[in-house]
Every structure is written in structure tokens, then in C-alpha cells.
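Just so it is clear, A, B, C and D label the chains in written order, and each chain counts residues from 1 on its own.
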Amino acid sequence: MPISTYLEAGKAALAEEMRRDGTVWALGEDLGRGGVFGQYAGLADLFGTERIVDAPISEAAIMGTAVGAAMTGTRPVVEMRFSDFALCAIDELVNQAAKARYMFGGQTRVPLVAREPVGMWRSSAAQHSQSLESWYTHIPGLVVVMPSTPADNKGLLKTAIRSDDPVVYMEHKDLWGLQGEVPEGEHLVAFGSARVVRAGTDVSIVSWSKTVHTASEAAAELAGHGIDAEIIDLRTLWPWDQETVSASVVKTGRLLVAHEAVGVSGFGAEIVAAICEQHFESLRAAPQRVTAPRVPIAYSPPLEDCVRVTAARIVEAARRLMSER
Amino acid sequence: MPISTYLEAGKAALAEEMRRDGTVWALGEDLGRGGVFGQYAGLADLFGTERIVDAPISEAAIMGTAVGAAMTGTRPVVEMRFSDFALCAIDELVNQAAKARYMFGGQTRVPLVAREPVGMWRSSAAQHSQSLESWYTHIPGLVVVMPSTPADNKGLLKTAIRSDDPVVYMEHKDLWGLQGEVPEGEHLVAFGSARVVRAGTDVSIVSWSKTVHTASEAAAELAGHGIDAEIIDLRTLWPWDQETVSASVVKTGRLLVAHEAVGVSGFGAEIVAAICEQHFESLRAAPQRVTAPRVPIAYSPPLEDCVRVTAARIVEAARRLMSER
Amino acid sequence: MVKPSPPQVSANVDKRRLLAHYRNMCRVRAFEETALEALEEGLVPGPLHLSIGQEAVASGVCANLARDDILLSTHRGHGHTLMKGASPLAMMRELLGREGGCCGGKGGSMHIADFSVGMLGANGVVGANILIATGAAHAIKLKGESRVAVCIFGDGAINRGPFLEGLNWAKIFALPVLFFCEDNQFAATTRSCAVSAGPGPSARARSFGIQSVTVNGNDVLEVDAIVRDTLASVRAGQGPRFIHALTYRLAGHTATDTAGYRDGDEVAERWRQDPIARAAAMLVDAGMAASELEDMNDEAGLAMRAVLDEARASPWPEDRHTHTHVQDTHGPGLVGGD
Amino acid sequence: MVKPSPPQVSANVDKRRLLAHYRNMCRVRAFEETALEALEEGLVPGPLHLSIGQEAVASGVCANLARDDILLSTHRGHGHTLMKGASPLAMMRELLGREGGCCGGKGGSMHIADFSVGMLGANGVVGANILIATGAAHAIKLKGESRVAVCIFGDGAINRGPFLEGLNWAKIFALPVLFFCEDNQFAATTRSCAVSAGPGPSARARSFGIQSVTVNGNDVLEVDAIVRDTLASVRAGQGPRFIHALTYRLAGHTATDTAGYRDGDEVAERWRQDPIARAAAMLVDAGMAASELEDMNDEAGLAMRAVLDEARASPWPEDRHTHTHVQDTHGPGLVGGD
């Protein structure tokens, strides 16, 4: 299979879908020059500036016009640049896109994809580093996707573009350069199907996005301590693959969720709560979350590091989990 | 103690604080005519239109100017009318107000109160009924307050106005008319101090805002079934009184959280997760959440009723909880 | 009805067109008066924003729209929706939250919509419709279609950010959209002029290079004519246009608002400019019998009463609809589409 | 330095004032060139947005501000911050994320601020500063103070909703705020003119009834004079004003942007209008020795190198500061204030 980066895989997905379906288009700032991370480089040449649209700095309009355009027979791919700027377009996404189908009794659909790059990356500080995925999981009507690999960034973005529901599609900025095998052509990854990255019997470590790689690192280290961790990459947070997680927890009896976002009311809370409600009897120890503390993200690298989820922190939590009972 | 409504108690709190501190002012649409629910009735006469300010329909400006005014020696009380409209001012609240102190290394404070009435009320449908409190608990820097009684609406609003941190203050629209005793004068309720509404030994029912009353109803009914429920009103979700909840769960061994908001990634998930992490050994049964399903709120009353948290649903969940093990 | 002030009768009134408008406006008025009665009877569970006195806008704008033209409206959208071609029965059922409502009872008055006639929704968020309409126009242009989008919004909406972002967007992409500001002088209980800086909506539109014209929004023929001309330019691919229509909200902000913040004389004076009475007077001037007009009005009232009777007899939506139309993929368990 | 085109030497150049501006601009330029070197050396962990070529704005605006006047800036705010009176060492430490940085290393370049000199922050969100400045002006008015607020923002910000909401707000409340659009022609890699409809920022300001004037943003004396006049009116309680300054971003959007989307000739041409060279030429015209000016410039460079040396020797912030300045009430456990 050809090797490609996470960034290129996303670009390939968009290009393929634009070729397949003339109603797919993308809009966002600076797209004509490739977008802020180069995710759109060359696409304006391929598809023209009518379909790769340079927007003014008007996040509300980028999202809001996409809502109208999605209701009117097109499939807009909205580029928000940094997920933080999507906070300038929340009414459009949450009050309009997410609710339109329901409010109007099924008369319409809003097939838009809002690409919202997340995460800490090159000391970008408090307004350019957030991971607010749990917000969107709380909003009925929204699909929430967080790919961790190049292959998934292709397969999930293609699925997202074909989705008739609005999708919040969160790529991690720190993964743009990640290389991996990416299937050519029609590679689609279904929503709600987690990937078992590593099978294991002692502890179930659930994660997504960049933290999947940290968890995998941790698993390798845990193996050295004689702990056999199962690593699950959720891929999509809504829908989330509760079946796979449940099966794993029933097997291991131990649940650890790791994510980059703030722990308080992060999506880890939902997973822990759901599993505790449904598999309480299977749990052999208190579940654990390894997440960021409830503080804004600082600029200075050592302060940034203090909130980072590291393999060491996951290892420590997993060992604590194993030592209980 | 004098009896007053939840609405009047809030008004009294604001009036007292405005009298006490000349830098307190309020801004929002229609405030000069009392505000949309009458929470400001008469205040413009008392304090003048410079301190009870009529705003244009500019939620971003209402919140955003409040941020600047709060940094410049005043204490703005922001009225968002319906919490749903605060979605037009999320950048201002979350990227600016919540982070300014931290980003600027402690050089400034943003002592604003954002009043955001929440909840289902008179069939107001999907864009006028939301309860998004869990979002704000996820944001470092924000205090989140959800009063359930007239007395608390006075005591907490006064504390909120005096807070040097930005506060999201969520009154429940369906409680405006609720009557209760309200202490006169200097009545302050501290953040992070839950109220044990009813002591009990069998199951800890944690709730806030309007659902506290539903839970109390449920407790009365549960008593008839021989189940002695402890009802805890959190009052503030951030900070939340984990000590009181923990002590209760250690006593009862059973946790039930009930809230009006969507269950998925609602604040109930955080409570369940935190308690499971820390008091796993004390739990005698799987914790339970009684919440709304992940659907927008419909207009039609019977459909609205389908998502409502009722005493019957709480009773059923509590009985299920009691029957486990 | 209060006696209207003598209208300006134009020499070449198109009597047939005016009569059609008159009937339209009577229907809108009758629909809303009936809805108000229903509310007072306790049949309407949610809020109602009535457009009484503003019917000339609904009729004048929609007379120039084809079925596949797109219309976006506001929380005060009954007239627009009816005139765009929605069924009054489906609308009334919606207001009552019943099965067969145009949104299945899920939206109510603030989310009234009929996508089958190009009416893409009222909106509960002031100004949000501006971006949606602009986006619809963007899709129309992208697909090379010849239809247009029209967005009606209030004088209050010009103070929200999306007004700027939408107008700027529409102009830079030269989109086929007409922005129509239905200025009824009030934003809820606030006089818009007190919170809106500058010379007005048209000046703002022009600052984006968008041509604008101000019309008497109570003169249905003027609205009709100006919209017709303006849309011709929009349809010809000449980019967005703007119309500012001056009218007056004769009723309260919501059906339960007694509007005590303005005095009776002001309202009485404005009633004298009631667009329906005005049209009636012009028609009488042009030779119609007043009784014929009265009959027409009565007929509209009767029709809407019948609509209400049918709507109130309609069942509630089934409980299962709480869970339909949410999204295809429901998460845990992955319950399928609906 | 590229040779500047012959500047228009005005008869009554205030030589001393111009010389002060020249020194100011050299300091700003030197600060940023030093910061760029630091970045290239790997000392600056985050992004840098340089204002090279735009120094006349920073110097011209801030020359008219007292310490307690308030200034809000953008992501491209080094010059504004330095000119408002912040310490270059505290600023450089901030860029390097060190202890003693003006924000304790927690903000970096995009959040540079010095509240002690009235500089209430750069902002990572384009346009957000407009509302904050307006609010600061609101507080000033409410408290009956005589100071003013100034908001500098880019040409890209005029397309965001807060531009409308802030200007409207400032005008209806007649607030003491000056809106200053520093138009460097670009919004990141996009030419602003391609995405901004209408005649420009001034026309938009005027549509809110706010007077506006356009200035040559590369002519420091013109900026200075116009800002002085304009602020006199703002200080006199005559409400908000607007200035549109035309300049050019000589460097890339960020320090790592090579700006390949514009051609070299264009940039070379713009270098000929470099505000520093322009001021220097005027000063030479007015009798100053070129060598004296060179010396002054070199001195600025040396000073900033010393600043960098001191900054790079500064320690990192202590880890505990990850948890300080969050909020007084920390939730579970209620760990106290910080």
C-alpha cells in the first residue's frame, strides 16, 4: 500500500470526493494558497476557485452559508483553520446545522463537514490549542470524528463528506506529518467502528486522535512491566463504538480513558460513566482518566508539557489500575 | 423570613449589589422595559439607563464589551435572554473572558456575570430550550452556577457579582414564579457548597436547577416504597462540592444523577466518572443517570414530555439501583 | 377596522393585481387572528409573533417568487410562509404542535417552514437566516441554476454580526440573493432607532457596494413593483440587492405582549396606515364595491376558522417522533436512520 | 536597505518629533528583527507575526496616548506594545516563553500585553479586540474618566461580525474610542480587497455614522497628526472615530511565510516606501547627518541584541504556574486563589 502523510491522505480524500461528486466544494480562509497547513495545496488548480473557495475572515459566514448551501443540494466542506475559531460560528453549527433536520420535521438535511483542526501544536497558546470535542458530542444532530492515522484520515473524511448529517471533523495539527499506509481509491471507514490498535487482556485503554499514539507507546512500556494493554482507537466519538469498548472491558475488567482535552466534562467522562452504568459488575478496579487539568493552555513549552498526556502518565495510571484489588 | 419568587430574588440581589457597588451595571436587550422575563423590571428607574443598559441585538457585543468593561474596573452583569443566544457570543466568553487572566499571566481579571436562562419552558422548541451547562464546566476559568430556589438565586447571584472570575449564571425559566423564603440583606451563598435538600441513607440523588424539585418529589414517592433517598442540590457545577457528594455516596453506596440536559457528555457524566474513580469501593451498585436523550427539543408538548426528566423516571431508576446486588 | 387615511391612488393601478394582494393580505391577517384566538383558547403551546400590519411585505415579496425560488424568514414568518405557498392547515397544525404540521409539530411558529415550496424556514435566532439565505444563493450559483434566494429579516437583525458577514459574502461572490429588511420599527420592546447607529439599513448595505432602495412597506403595490424590478436584476446575475421596507408592528412583540411601552395614539395613527385597509380603499376608488371586499375578507376568516377546526381535531404526533430526524447514526447501538 | 523614493518634505516638519518617531520606529524594527533571529535560532517556540514596514502606525498612534489611555492590539502587536511603553525585555522574555515575560510566559507573541501601561492585549482571534476596546471605552464613560481607548485592527478584521457590532455599539453609546484600521493589504495569504466588498473600511464606519479619514500609514507624521486631531475630538466626548491607514506588510504573514503568493517587484516597490527610510530621508532633507541616523539605528539594534541576550538567559517559568491565574475557586477540593 502506498505511504502517505495524514495531511496528504485528507487531501486525497477531499480530491476524490470532489471528483466523484460535483456538488462537493470547500470554503475557508486562504484555501486558494493551500490553507494554513497546506491541506488544500493544489486543489484550486484542480477544481477551480469556484469549488475551492477563498473566504473572508468570517467564520460565522463560512459555517452559516455552508448551512444554507447544504440545504440547497451541495456538500460543503467547511475549513475552520483552528477549532478555536469555530467558536465564532457556534450558533451556525449548533443552533442551525445540528437542529435543522429535526426542527423542520425531516424536511431538510445539512450534509456539511466542518473541519476543525485541534490540539496542542508548536506553542500556540490558549486560543489556538483547544480540543473541545466533548462539546459536540453533547449536541444532538452532530457526528464527531477524530482520526488518528493517515488511513483513517482518508477513510473517515470520505465517509464524512458522504454523510447526510453535519459532521465535526477534527484533525490533529500535530499529526499532519505522520506517515502511514493509505489504501488507494474507495477506502471508506464507517462511523462508530472503533479500531483495536493492540489486543490485550489486562486493561482497556480507550483513546482517539493523537493520544492513540501516546497510548500505544504506553502499551509497549506496560508490556515491559508485564501488563498486557488493549488499545482502542474510537475514531468517531459520536457515534462511538460502545460495543467494542464494552467487550474489551468485560474481558479486561479495567478501563482507562486517555485524551488530550481537559478532563472535567471531557468525553472520557462519558465513556467512564457509560461503562460504569452498564458494566459495573465487570469492573475489577476503579476506572481511570488521563487527561489535561482544567487550565487554559500556556505558551511556554514547560508549562505546556505540564498539561500534556504522556506515555509515562498513562503507564502510571495503568499500573495503579492493575494494583487495585 | 419574607417570601419572594425566584425572579424577584434575583432582582433583589442585583439591586442590592448595584446599590452597594457603583461599578456594577447590567446590559442586555430590552432591559429598560424589564427584560424578557421581567427580571429587571423597575431597575432602570432606580439606577438609570446608564447602569441598566438597553443593548441592540448584538450578543457578541453584549458579551464582548462586557469583557473589556470588566477589565477596566467595572462589574458587568450580562443578560443573554435565553442561554441559546449565548451561542452567538461563545468566542467572547470562552476564548476571551475565560482565558484573559491566564493568558496575560495574571495581569487582569474579568469579573463579569453572564446570566443565561436555561431549560424547557412553554414549548419554546429547539433553539430556546437548551441546557448547555456541561459545556461551561469544561472551560477553565469559568464558574458555573445553577440556582434552584429563590433564596439561592439571591445568595448565589450576589456571590457571582462579587466574584472576580467570569461566572456563567444559569437561571431556569420554569422557576421564575417559584416562591420561597429569601433572607433579607446580606445573604451570600458560597460557590462549591452543595445543599443537602433531604438526608437519606439508601441512595444519593445529585441534581441542580429545576430538577432538584423533581428529585425531591421522587424522594417523597420513594419513601413510600421504603427507599430513603438523600437529595443533593449542587448549586454550582464549577466548583462542585465533591466532598458533600462523596460523603453521601460513601454513606449510601448508590449514586444517581438527574439533570434536564442531554445525558451524553452532560455534567452527570463527570459526576459519575469522578465518583467511580474515587469511591469505586464504596459503590454497591452501578451508578445511574436520569437525563434527556440525545435529541433536540421538540415543540409539541407530548414530544417535549418524552425528553423530560420526571419524578417517575427518577423513582424508576432509583428502584432499579436499589434492586441491584 | 379603523378608517384608513385616504390612500394615494395611482393612475394606472393594476386592479387585478391589487385585488389579489388584498385577498392575500386578508388571508394572512385571518390566519394570524385565528392563530391568536387559538392561543387565547390555550391551543398554541408556544410563543406567537404576529405580523399584523405588515402583510403587504409578505404579499408584495412573494408575488414575485416562483415556487423554486428560496425564501428565508424570521420568527415573525407566518405571512411569508403562507404567501410562499405553504398550506394554512399544515401551518396551523404546526402552531398547535399536531401531526400533519408542516414540521410534524417539532418546530412550531418560530420554525415554520415548507421546503416543498422553497420556504426554508423561520428562525429562532435573529439574523441567522441571513447567512443561510446567502449560502442557498451560493449553492444556486455553484449549480448554475436560475432561481434566486430572498431573505426577509427585521430591523433588529441589522445589529448582528451575521448581517455584515452575509452581505459582504453575497457581494464578493456576486450571489443571486435579495436582502429584504422588514422594518417594523421595533426589536421586541426596543425602538430600533435607539440602538441602531447611522443613517439606516440601506447605508449599511451600500457600504458593501450593494444597491439599496427604501420602500413604503405598507403599500403593497409599491413593495410588489420594487421587488419585481430588483429581482429582475438579481435574476440577471447582477449580484445581491437590498430593499428596506418601512412598516409598523401593530400588535405586541409576541401575542402576549401588550406593548405598554408605546402610546395608544401612536398605534392608532399607525392603524390608519393599515396596508389592508389601504388596499381596500384604493380598490373602492378604482370602482370595487366595498361589500365585495368585505365578503372577501369574511371568506378568508371563515376559511381560517375551518383550518383551525381541522387542526384542533388533528392528533398529536406519535411519541416515537421524539427520536426521528435526529441523525442517521445514533451512536451506541447504532440504531439506524429514520 | 533599499533606497527610498524621494519623500515629500513638508515645509514645517517638526524635526524633533520626527526624530523621535524615527528612533521609535528603529526600535520597533530592531525588536522584531531580533525576535526573528531568535526564532531562526529556535528560541521562539510559537508563531511570530512581524509588522516590518508598518512601524509608522505604532509610533504615530502611540505618540498620542497617555499611559492610562487604553490600547488593544492584534496578533501583529509587537510595535504597538513597545510604543505603548512596555519593556522590550519583558516582551522578549514573553516571546521566548520565559519567566519575567510580560505575561509570565503564558501568552507569547499573540497575547502580548502590558496592562500597567494600558496595553490590554494582542489577541489571537481576529476582530475580538474591537469589542474589548469598545467595552473598555464603555467602562471609561460609565466611570466618568477622561481617558480614551484605541483599537488597532487589520484590514481582515472588517469582515468579521464584531466589527459591525462594536462600531454600532460605540456609536449608540457615544463612547470614547478610536477605531484604527491598520490596512497592510493582506489577511494572511489573501489579498483583502478580494474578500472585502464595497468601497472600504471608512465607508463601513460611516454607515454607522462614525466619521472616518484615510491616511498614509507609512507617513509617520501624517499618522501622528491625524491621530492627534482625531483623539482630540474623542477626548472631548464627541463619540467614536475611525481612521483607515494604508500601509503594507513587507514580510510574510508569519515569520515562516515566504509569501510566494505575491511577486518580488511588488514587494521591492513597497520597500521603497518603507516608513523608516522615508523618515530618515526627510530628516536628512531637514539637515540631519545620515550617519547620525545610522548610528541611532545601530544603537537600537544593539539595545535589542542585549535584550535578547538577557531574555535567553532567563529561566523558564516554574511548573506551578501551569495552575496559577486560572480562577479563584478551583472546584473539587476548592484549592484557593492564586
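Throughout what follows, contacts are C-beta pairs under 8 Å (C-beta built on N, C-alpha and C of every residue); 3 or more make two chains touch, one makes a residue touch a chain.
Here the structure is a predicted model, which is why all the values come from computation and not from measurement.
Judged by contacting C-beta pairs, the busier of the interfaces B-C and B-D is B-D. Distances between chain centres, each the mean of the C-alpha atoms, put C farthest from chain A.
Centre-to-centre separation of chain B and chain C, using mean CA positions: 36 Å.
With centres taken as mean Cα positions, chain C sits 40 Å from chain A.
Computed centre separation for the pair chain A/chain B is 30 angstrom, with centres defined by C-alpha atoms. Among all residues of chain D, those that touch two or more other chains are 101, 103, 105-107, 111, 123-125, 159-162, 165, 168, 172, 194-196, 326, 330-331.
Touching two or more other chains at once are residues 55-56, 58, 60, 84-85, 88, 91, 95, 102-103, 125-127, 140-141, 238, 264, 274, 294-296, 298 of chain B. Looking at the complex, you find that chain D touches chain B at residues 70, 72, 101-107, 111, 113-116, 120-121, 123-125, 128, 130-140, 142-143, 149, 161-162, 165-166, 168-169, 172-173, 324-334, 338.
Within the complex formed with chain D, the chain C residues making contact are 159-165, 167-168, 171-172, 194-199, 203-204, 206-210.
Residues 45-47, 94, 97-98, 101, 103, 105-108, 110-111, 123-127, 156-157, 159-161, 187-190, 194-196, 261, 316-317, 319, 321-323, 326, 330-331 of chain D touch chain A in their complex.
The touching residues of chain B, when paired with chain C in their complex, are 29-30, 32-33, 36, 54-60, 84-85, 88, 122-128, 264, 293-296, 298-303, 306-307. Across the interface of their complex, chain C is touched by residues 23, 25, 50-51, 53, 55-56, 58, 60-61, 63-74, 76, 91-92, 95-96, 100-108, 140-143, 163-165, 191-192, 238-243, 274 of chain A.
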